[in-house]
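Shared chain: chain A. Partners: chain B in the first complex, chain C in the second.
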Partner chain A sequence: MSLLQVDSLSLGLRGAPVLRKVNLTIEASEIAGVVGESGAGKSMLGKAILGVLPRDVTVTGGAIRLNGTDLLALRPRARRAFLKRDLALIPQDPLSALNPCRTISAQLAEVLPKGTTDAKVEVIRWLDAVRIPSATKVAKSFPHVLSGGMRQRALIAAAFASRPKLVIADEPTTALDVTVQKDVLHLIREMQRETGVGLMFVTHDLCLVAKICHSVTVMHGGRVIEQAACTDLINRPAHAYSQALLAATPRPDQARQGLEPVPTALIERMVAEAGDG
Partner chain B sequence: MAEPLLEARGLGVRLGMRRRFLRKDDKGYPILSNINFTMQPGEILALVGESGSGKTTLGRAIAGLTQIQAGSLLFQGQPIVDPGNVATIRTKDRAWYPRWRACRKDIQMIFQDPLSSLNPRRSIGQSLDVPLRNFGVATTVDELFDQVGLTSQFKDLYPHRISGGQRQRVGIARALASAPKLIIADEVVSGLDVSNQARILRLLLDLRDQRGLSVLFITHDLAVVRSLADRVLVMQRGKIREDGPVGRVFETPSHSYTRKLLRAAPSPECDPDWLAETAKGPFAMDIENATVFVTGANRGIGARFIEALLLRGAAKVYAAARDVAALPDDPRVVKVALDITDADAVARAATEASDVTLLINNAGFNSNSGALKNPHMEDARREMEVNYFGTLSMIRAFAPVLKANGGGAIVNMLSILSRVALPMMGTLCASKAASLSMTQAVRAELMAQGTRVFAVMPGAVDTDMSKDFPPPKLDPADVVRAALNGLETGDDDDIYPGDMAQGLRAGLEHDPKEVEAELASYLP
Partner chain C sequence: MSSVESLSLEKGRGGGGTGLERSTEKISRLRMVFGGAAIGALLIAALFAPWIAPHDPTLDDLFLINMPPAWLNDDLAYFGIENAWAYPLGTDSLGRDVASRLIYGARLAVIVGVSVACLAALAGVVLGALAGFYGGWIDNVISRIVDVWLSFPPVLLSIILVAMLGTTLTSVIIVVAVIDWTRFARVVRADVLQQRSRDYIDAARITGGSDPSILIREVLPNVLPLLITLFFFEIGIAVTVETILSFVSLSVSSGAATWGDMIAEGRRVINEAWWVMAFPVGALVITILGLNAMGDALRFYLDPVLRK
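Take a look at the complex of A and B:
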């Protein structure tokens, strides 16, 4: 049984389709990338799994199974309890995800699993584990005094401290510098390896996917375009859209690369082929 | 070569620091110092660096949005700012303002976030109309739209209605309204997806090719720099570290910081080992399974070192102190009674601890007295004896041991006072400065045998030795973490834990004379 199984999930925004029959499987200890351009529905997929869809967006079909339990069939209270125990999110914007009025220590202590005896020691241990310098000081500080990288590290600590089974990382490094980005990605992978959780890595950057993911799902217009192992997708992309995405990605090792947008003709053809269904 | 379009000579910018808010002699904090570069007409010059490196400040200074305090800025051979007179632009000084005003038309800026830089209550047509009228350029809004690839139906829309990529085009159109010669583009493609990014980059390239427009492209994304720019400036902590053609800088970077940036820039190729390689810089050292010798281990930072080393899986820790009573009982801890000023005892310790791979010289003495105030010379001698001679004799004794064990590393616990003098602790500073100088000498000498030598220079640390020093003080455990993390990542061989040390270090790089005044504000 897979850790996460999304079966032909469809979402609608006041009748207009947002996701169309999306299938996705994530195993334990796997890093599954979800890539696409803005509006592809990749963040919506993450939100649907977390159960935090915007008010207007409704599930119009399909199932989300976490360890075999269908999340959509659960009553709201039971679902929340389930999600609190088994799911965690590493958000895109670390500042808005932290409570500005509470210390890092207080916010981290909140997510520790039930029965933790010495929360303070445990919090410092986690901050240390995510390589935060001056962990003692950081634990006592409020989010606004920390740098972006430090905030993101604190949130990674929070995500893994709750001992979840699945972590959803939604563009976790877009707000960060290149060197910090690499450190944070390395950290996410190390923590993921140590804890053996499944990780869904939502991003628009194929470069990052190539470096961290085991499998990749390419999305466009609410549809899954291609699903493949990471090496296959990067080296031998099957779908024309995946090829175009790769061609549009600038590379640090080649001049004048990534100046070709995905051709409009291709997008029109894809929309026409898929129809409205 | 033709006359450069823009030339910066020794440019310096300072911004006010909050702590000095009400002080009359407010000179602010240096953000940029001694910036020199030239830009040719029709050149796309990329400015890269991490957040806080000063790249946006430099862009804003050139666009005239931030006041320049030092150096000069020449646009087409004409100086356009007067650094002597800080209030030049605001007071519309007669000699300078017309010149400034004239080149405002030629230098335009595109901002990172088009939504916040466009007036939400004006339609896009109105937003573009204002600069056209102000600058008296005989272009219409439709022609501007044409240049950036928008259709004229956008004219009546408001900024919130259009997509991010389209908004960025409007930003470019507005910058083009005055028919400028130079455009400063600040992170214009971060936040856009690849297709829109490609369209904007292509547009900038086309504008350059067709109209000879120069672009100063500020970004943190190295891949974009490679695909767009002709030349690149690499900035770090307010200074330009490298300046050269893109191909040369990317293929054979000469500055270590550029190499570090390039190592961190991902390319779309599968390589699971890529992430792991960052963690290890050129000076990396494994603490797990290391055998460590720590002096001054019975209290303060030394005691924290023992705890942290055991936690990180050191195989064996020799804990040395004059008084071994306070040392922890642990099967991995070997207690050594040692006075490091006793050369014979040090030599004996080195023969006994022949399996050491990491030596941490932590023992130190602080008399807490100024250079002249203390009536006796004894304290000053004692500081030199422990901090300098003691550390030196430890290194002399253990260097052969480390060599026999395959290189290893030496950590000298110094202080930021190694680099700046403090009135309260004059003699301590002298001994710490001597130790820093010795550390550098030893580093050079031991390089041949593969022993890495680190200097750890924290600011004020909360131990009983510095109890007279006012807060904020660093937790000793945090100093130890910074030192051990520095050893494990190995990016740098000088480690500066804490904000105070980091701040003073940055100050030292910019203006060593200012630092003493800065330091005085930490005194009671």
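Take a look at the complex of A and C:
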């Protein structure tokens, strides 16, 4: 049984389709990348799994199974309990993901699993684990005192501290500058290896996917275009859109040859095909 | 070159925080001191009125009509008193002691101001938070009610309502609260709306928070600094409205010592006895300035982002 199994999930925004019959499987201790351009529906997929869809977006079909339990069939209270125990999020924007009027330690202590004896010690242990310097001081601070990178580290600590089975990282490095991005990426991979959780890594950056993911799902216009193991996708992309995306990605090993934009004709053809189904 | 120099000079001076931060803090401290002093004086006058006031505020004495304040009183023989400081702020056109009336007026102002602010805040926060947090039809219904409410001219509405309910202390409090709850509702709704779009609300949901617990534990603490500022502001407004109502004899039954009553009374004799009107006006201005200063200062000290 897979850790996460999304079965032909469809979402609608007041009648307009947002996701169309999306399938996705994530195994335990797998890093699964989900890539796509803006509006491909990759973030919505994450939000649907976490149960925090925007007010107007509704599930129009399909199932989300976590260890075999269909999350969508659960009552709200049971689902919340499930979310708290098994799921965690590393958000896109670390600036707004921490409550500004509570200290880091208060917010971390909240996610620790039930029965933690010494929350204070545990919080500092986690802050140390994500390599935040002078963790004791940071624990007592309010979020606005910390830099973006530090906040993202604190949020990574919070995501793993709840001992989840699946972590969803929604473009976790987008809001950070390039020098911090690399550290945060390494940190996420390291924490994932240590804890053995499944990780869904949502991004628009194919380079990041190539670096850390085991499998990749390429999305466009709310549907899955291609699913493959990471090395296969990078070396032998099957779908024309994946090929075009790769051609549009800068690579340090290739000399300064011009990058190819994704051809408009291809997008138009895909939209036309999507219209049929 | 000069700009570079001045830049580095500014940096050199910085001890802790930037110049702007320090001056904000200094201003906040000044506001705190001024507001604290004004509110403190008001509260002492209100709580201990019977012990502080030199005379009964309603006791008239036709031998002591329009007596000037003690330091201007150079004709003690005319009024037949020995110590001018027995009536420190003089008397009004019925010979009542201005200082005593001012002190008892403060008591009424505090009762009305605080009760109104509490009632208005309660109604406004509950409705505003629901509207902002749940949105949709709940927001529509509450917001439209607020819009309709705001379309009535407030002073006119309060005069009509008091005329209907009768001129008692309770009815004045109810009327002003009923008129002013919309202020809280609007501000709280806007702030809750803004907070709930932040990611930490989603994060709280993922860690298993239910709607009520998220609203109370995550959202409302972030709205609190604003709410406290507004609370003090509202006390000032309620005091002003009460003054307006008693100015037109529509507050607590006339004869009782209220600032509005004193101002109305003093207006008639302004040419002979300016002090009858000047002192209540001064008290009103200082009270409202003090309340606003205190509200601003508290916001600075309560907001984790502003405070250092």
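Methods note: the second predicted complex is superposed on the first by the 268 of 277 C-alpha atoms of A that agree within 3 Å, B and C clash if a C-alpha of one lies under 4 Å from a C-alpha of the other, contacts with A are read in each partner's own complex, and residues count from 1 in each chain.
We take it that a contact is a pair of C-beta atoms (placed from the backbone, for glycine too) under 8 Å apart; a residue touches a chain by one contact, two chains touch by 3 or more.
Here the structure is a predicted model, which is why all the values come from computation and not from measurement.
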> Just chain B (first), just chain C (second), both, or neither: which does A:196 touch?
Replying inline: neither
> Of chain B and chain C, which one contacts the greater number of residues in chain A?
Replying inline: B
>> Contacts for A:97 in the overlay, against chain B (first) and chain C (second): which applies, first, second, both or neither?
In response: second
>> A:250 in the overlay: touching chain B, chain C, both, or neither? Say first, second, both or neither.
In response: first
>> Tell me the contact category for A:230 with respect to chain B and chain C: first, second, both or neither.
In response: first
> Where does A:186 make contact in the superposed view: on chain B (first), on chain C (second), on both, or on neither?
Replying inline: first
> Of the two partner chains, chain B (first) and chain C (second), which one does A:113 touch, if any: first, second, both, or neither?
Replying inline: neither
> Where on chain A do chain B and chain C both make contact?
Replying inline: none
>> Applying the document's contact rule, which stretches of chain A touch chain B when the two form their complex?
In response: 37-38, 128, 131, 133-137, 148, 174, 177-183, 185-186, 189, 204-212, 230-231, 234-235, 245-246, 248-262
> Hey, which residues of chain A end up touching chain C in the complex?
Replying inline: 47, 50-52, 55, 76-77, 80-81, 83-85, 87-89, 91-93, 96-102, 110-111, 142, 144, 155, 158, 162
>> If we count contacts the way the header does, which residues on chain C are in touch with chain A in the complex?
In response: 135-136, 198-200, 202-210, 218, 221-222, 224, 303-305
> Which residues, counting only chain B, touch chain A once they are in their complex?
Replying inline: 50-51, 163-164, 190-199, 201-202, 205, 220-228, 246-247, 250, 260-272, 274-276, 278-279, 474-475, 477-478, 481-482, 485, 497-498
